[in-house]
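Listed after this line are the structures, all set down as structure tokens.
Across the two complexes that follow, chain A remains constant while its partner is chain B and subsequently chain C.
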Partner chain A sequence: MTKSSWKSKLTSSLFVIPYLLLFIVFLLIPIGYGAWMSLHNWDLLNPVHEFVGLKNYQKIFDPNSYLNDLFFEGLKNTAQFVVYSVPVLVAVGLGLALLVNTLPGKIRGIFRTVYFIPYAVSVSVVAIIWLWLLDTNSGLINQYLQKLNVPIIPWLTDLPWAWISLVKATLWWTIGFNMVIFINALNDVSEELYEAGSLDGASRWQRFIHITLPSIKPTMLFVVITSTIASFNIYGQPYLMTRGGPGTETKVLLMNIVDEAFKQRQLGNAAAMSLLMALIMITISIVQFRISNRKE
Partner chain B sequence: MQSRSFKISISIVAVIIGLLFIVPILWMLATSFKTDQEAFTAGIKWIPEVFTLENYQYTLVGNSDTPVMKWMANSLFVGITGTLIVLIVDTLAAYGLARLDVPFKKLLISIFIGSLMIPWVITFLPLYMEFNVLGLLDTYAVLILPYSANAFGVFLLYQYFRGFPKELEEAAFLDGANKWQVFVRVVLPSARPVIWTLAIFTFMGIYNDFLWPLVTTNSPEMRTITTGIAIMQQGSFVSSPGRLMALTSIATIPAVLLFIIGQRSFIKGVNQTGIK
Partner chain C sequence: MEKKWLKMALTAALTLGSLAACSSGEETSKTVEGKGEKITYWAPFSGADGPRMKAIVEDYNTSQDKYEVDFQIVPQSDYYKTVDLAFSGQGNSPDVLVMHTDQLKNYADKNLLKDLNDTIENTGMKESDYSETAWSAGNIGDKQYSIPLDIHPLVMYYNKDLFTAAGLDPEQPPTNREEFLAAANKLTDSSKNQYGFVVPTLWPNQFIFPTILFQNGGELMKDGKPNYNSPEAVEALSFYSDLIHKEKVSPENVQQDGEVTLFLQGKNAMHLNGPWMMEQWDKAGINYGVAPVPQLGTKQQAVYANGHNFVIPASVTDSKKLDGITDFLKFAAENTMEWAKSGQAPASKAIYEQNEEFKAMKQQPIVASEFEYAKFAPVVANWGQLSEPLWAEVNLALLGKKDPKQALEDANKKAEQVLNK
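On to the complex of A and B.
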């Protein structure tokens, strides 16, 4: 229909140009600008930025530099959160999806909504609600534990409790999303497979292992990768709930990057740390993708 | 297939788990009606002994530190404007790439899709500096514009438009309509469900974002509800659970009600995006 003349090409381009401009200004330029910043001694308040080459990166890998601690301690803490939270986020998400799908049709929608409700709440509200629930003396959870004669637990001020609390709050907040995605995938598994399985005398568990799991594998990969990325980006929960404590045990990488950028005002160092963090995240996503595809 | 006792026991499990999801919100509401003295007293009281509205009164009108209504208005304004920009530029770009003779089409598509791999943290500080240079920190622009570069919507709509039957458009072209008319009259109405899905995802993302609005705003009247609450929690409300819980209740109840109404479309949307 459309003539491929230059006039037609021009009017067609008009459709793409608005987005392309935003993409260039708010994504492409920042990527280049960030790399540029990371090569400079870039003080937020000093208008002169001295070019230092790869020195900021060298400092990150130099064990005698405070940047080394800042980056690798932060990375270690972030990695801990990823390792503790992702399996739970995936397993509980799938568990809730299976539970909701087993419920009688009439009440299914109600429970799906109830489990999904916390997703509507913002991170600061999540933090405030859970701080109050987990308060060592007045918190609801410790008060119920006392009733059961369990000694009170320092939920936010001691390890491993601080991690458990962060995972718990995150789980409560975001699990509904993973559940909805799993419900969606479970509904697409063909009924015939299950019927064939039942005829062969497969138990509920065997059907789950041999029919359900293989059928939802792509969804599983999607949930694992998105949960890993989300957990890697954790900031609000430790910033508001533990403030990085006890000590700096739950001070995650993003908190260190923000401090280096806005408290120390060393944007060059912080930009180098951001770039390395991004590279690590991309690598992990690729590895997860590869591993999952190899198993086939 | 399923026995009656199985159905009952599975329903009981579902109720118990449901309570775990609801209890934090109920406890928030219960505390918001208590005096601080009672909130700190040991003992689990779901119904306040002394029922007080003082916390709400103080939070809403009693002090100038917490312009809660302004924060809510900011969050809504930023969320809605940001979403509208995303919807307009994304639908246009996706349709152009899917159907029109845009030069360098293949290159653009692969760049946009490739950008989905790039973690957000990489643009965080340079974007901050960019807005700093432009003198736009602490304005609505910095709270709205950065979200518009995300390629997720373009990718989503591109896939949808590619699968859309060509016949309808061709008929309209034969009737003498131009590209713009075809886009507005034929293509957009057909894509309404996908657009609605993108709108919900985008709005939730902007509305709930925390770190970006936290570092790019500093005057109290430019805060979004999420960052405003966080600052009160670390500031003057820190030792008043009653006021904090009133503040979070005010911020939460409308969002939860909207969510309960909107979640059906949200779930339907998850189906349509083909996230699987």
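On to the complex of A and C.
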């Protein structure tokens, strides 16, 4: 073994260490601690935490327990959001990337920044902006609808509008991230392929389907998986915009878990619910990964 | 090479910065250092009321030098999480803290709060110095767990300009159901998008619905069980939802805070909310009046309220500390005029019955006039979770998606399930 390779190994390890430390402190240890909690009857105000084995998990699957409703109704609502939001997040992200990429150099930078800015804003600000825009009786959007003599829309208090509003706000907030990732992928597609395609008489659409899409496939997979995970973690938008309404129709799983942990003070139950949720997310990610790799 | 180092330093600085940001949640008031016995005091006053309380504490610290109160504000949204962690021994614990009335039972049940009966006697603080409603809320199972700071009941705000324009006397707001309906109808002009009383569909129904229910003579809990579907409750919710769907003095589909926005825009004539809204109306410069909540129910005058109370953790046993705490609480009882300035009415009689400056205020004496018939949340552990189904079903009824009776039946069923966990 030469000296330089030993050195380069050390350097690369050094680069990994900061991440590894943060990963252990902020992810691995909390996950382990959560798993430990989920096996106990862990009341936040009770100093004694009785070991109960898998009982907390059993309760989640017992139809007579309120935990059953809390978990599966929350999961149903979260799943709805994932199904509605992920296709839009991916398609619009790619669409914007294609549009921005056709712009001339200087303007391209401006638009890229403008679309990315909302991503830097916190969820409470996003919620307040959209609450004002979507207000049933005094919001900007309904004011315009009234001027056009279109009946006003109960954006946040009726279905399916509440979901549409939540997806819309999420789209506005996070689309910049997906767009930037797609722009980078598009720039990596070799110009020669397009040139060869044009010479062979491929139309714009054909070039997009047969050259662009296959070339950015790894990025596409990355965006689909990160968008799915991010959408699964939805919390702030419904918590602040619809408060879970109408009724509990948009009360997502994370809202229920937080309630169980800090309103009911049952950390054991909440930890069990979180771990189940994590398992579901991991399973879905693996399935997505498998499906897109099989097509190869 | 130089650039590389610069980049690394920047990265390190950013990382450290973001870590430091995580721990800056608590705000500490630094007063004169290093004198007297230190008393740590926690409160959730992260809004406009924070500086008021800070001023009281600073006054206390300069008024004597035996004790030094260290006042720490924990943001409202994280308050009970932080308190819970302190009580379970996983964090620093305060010596005295503010607790809402509807939370007392949760902590008293677990023996986490100090019975104040002995400490009170030593200092000459007594029940008769405080509003009876507020004092007795701290009495659970023959033990006195808290000293009240204030009661915040629901109050009615109304837009005086709209009253005048509709030919109503702006100094004579409605006091009962008939007057309320008559005024609301007169004040409604849907062609101008102007309404008599915009019915919220979410918060603050946690205050409004129990108020009408209590006024009907109903109870939220009976014999330790949820009692959401009583005839009184059905009448209350039917009346409330009729305001939207039959009387049409409110628009439909009001979203979170939609009624506040309309009140700020001068398109909502009457509005029920807590006394904490005062500063927001003042800032917006609305010509508003304050009145006790009209008797919208059919039986009696009543109003739902919550309150701020001082409690001492059971783990505080150092007698010197306890003396200091009670000394501070006594000072606070006599000096809460500052607290009143945020719109609240202190529960100490020295202020709300005797202080002339207080009596001359616009909103605060009206809040205090409701003390006598104010009622708190049922004394039951985990009222928060137990009441959750009720607010969701009230929401559905007010959105016109469910018949009030059916909604309350469903809420009751779900609450029973939570209770029988």
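One rule holds in what follows: the second predicted complex is superposed on the first by the 266 of 296 C-alpha atoms of A that agree within 3 Å, B and C clash if a C-alpha of one lies under 4 Å from a C-alpha of the other, contacts with A are read in each partner's own complex, and residues count from 1 in each chain.
We adopt the following convention: a residue touches a chain if its C-beta (ideal position, glycine included) is under 8 Å from a C-beta of that chain, and two chains touch if they have at least 3 such contacts.
Please read these numbers as outputs of a predicted model, since none were measured by experiment.
Enquirer: According to the stated criteria, A:Pro18 is in contact with first (chain B), second (chain C), both, or neither; which is it?
Expert: After superposing on A, A:Pro18 lies in contact with both chain B and chain C.
Enquirer: Mind working out whether A:Ser138 is in touch with chain B, chain C, both or neither, as first, second, both or neither?
Expert: In the superposition, A:Ser138 contacts both chain B and chain C.
Enquirer: Once the structures are superposed on A, label A:Phe262 by its partner contacts, choosing first (chain B), second (chain C), both or neither.
Expert: both
Enquirer: Check whether chain B or chain C contacts more residues of chain A in the superposed model.
Expert: Counting contacted residues of chain A, the larger count belongs to B.
Enquirer: Who does A:Ile282 touch here: chain B (first), chain C (second), both, or neither?
Expert: A:Ile282 sits against chain B, while chain C stays out of touch.
Enquirer: Where does A:Tyr66 make contact in the superposed view: on chain B (first), on chain C (second), on both, or on neither?
Expert: A:Tyr66: touches chain C, not chain B.
Enquirer: On the A-aligned overlay, A:Leu156 touches which partner chain: chain B = first, chain C = second, or both, or neither?
Expert: Touch partner of A:Leu156: chain C, not chain B.
Enquirer: Which of the two partners, first being chain B and second being chain C, lies in contact with A:Val114: first, second, both, or neither?
Expert: In the superposition, A:Val114 touches chain B alone.
Enquirer: Between chain B and chain C, which residues of chain A are contacted by each of them?
Expert: 18, 131-132, 137-138, 240, 262
Enquirer: So in the complex, the part of chain A that touches chain C is made up of which residues?
Expert: Listed in rising order, the residues of chain A that touch chain C are 18, 44-47, 65-67, 69, 131-132, 134-138, 154-158, 240-248, 251, 259, 262-265.
Enquirer: Taking the touch rule as given, give the residues of chain B at its contact with chain A in the complex, in rising order.
Expert: 2, 7, 10-11, 13-14, 17-18, 20-25, 27-28, 31, 39-44, 88-90, 92-93, 95-97, 100-103, 108, 112, 115, 117-130, 145-146, 148-149, 151, 154, 169-170, 173-174, 178-180, 183, 207-208, 210-211, 215, 225-227, 229-230, 233-234, 241, 244-245, 248, 251-252, 255-256, 258-260, 263, 266-267, 270-271, 275-276
Enquirer: Which of the residues in chain A end up touching chain B in this complex?
Expert: 1-2, 4, 8-9, 11-16, 18-20, 22-23, 25-27, 29-31, 33-34, 37, 96, 99-100, 102-104, 107, 111-125, 127-133, 137-138, 140, 143-144, 147, 172, 180-181, 183-185, 188, 216, 218-219, 222, 229, 232-233, 235-236, 239-240, 254, 257-258, 261-262, 267, 270-271, 274-275, 277-278, 281-282, 285
Enquirer: Please give the residue numbers of chain C that touch chain A in the complex, ascending.
Expert: Of all residues in chain C, those touching chain A are 15, 80-81, 84-85, 87-89, 106-107, 110, 112, 193, 198, 201-203, 251-258, 261-262, 265, 267, 382, 384-385, 388, 392-393, 395-396, 399, 401-402, 414, 417-418, 421.
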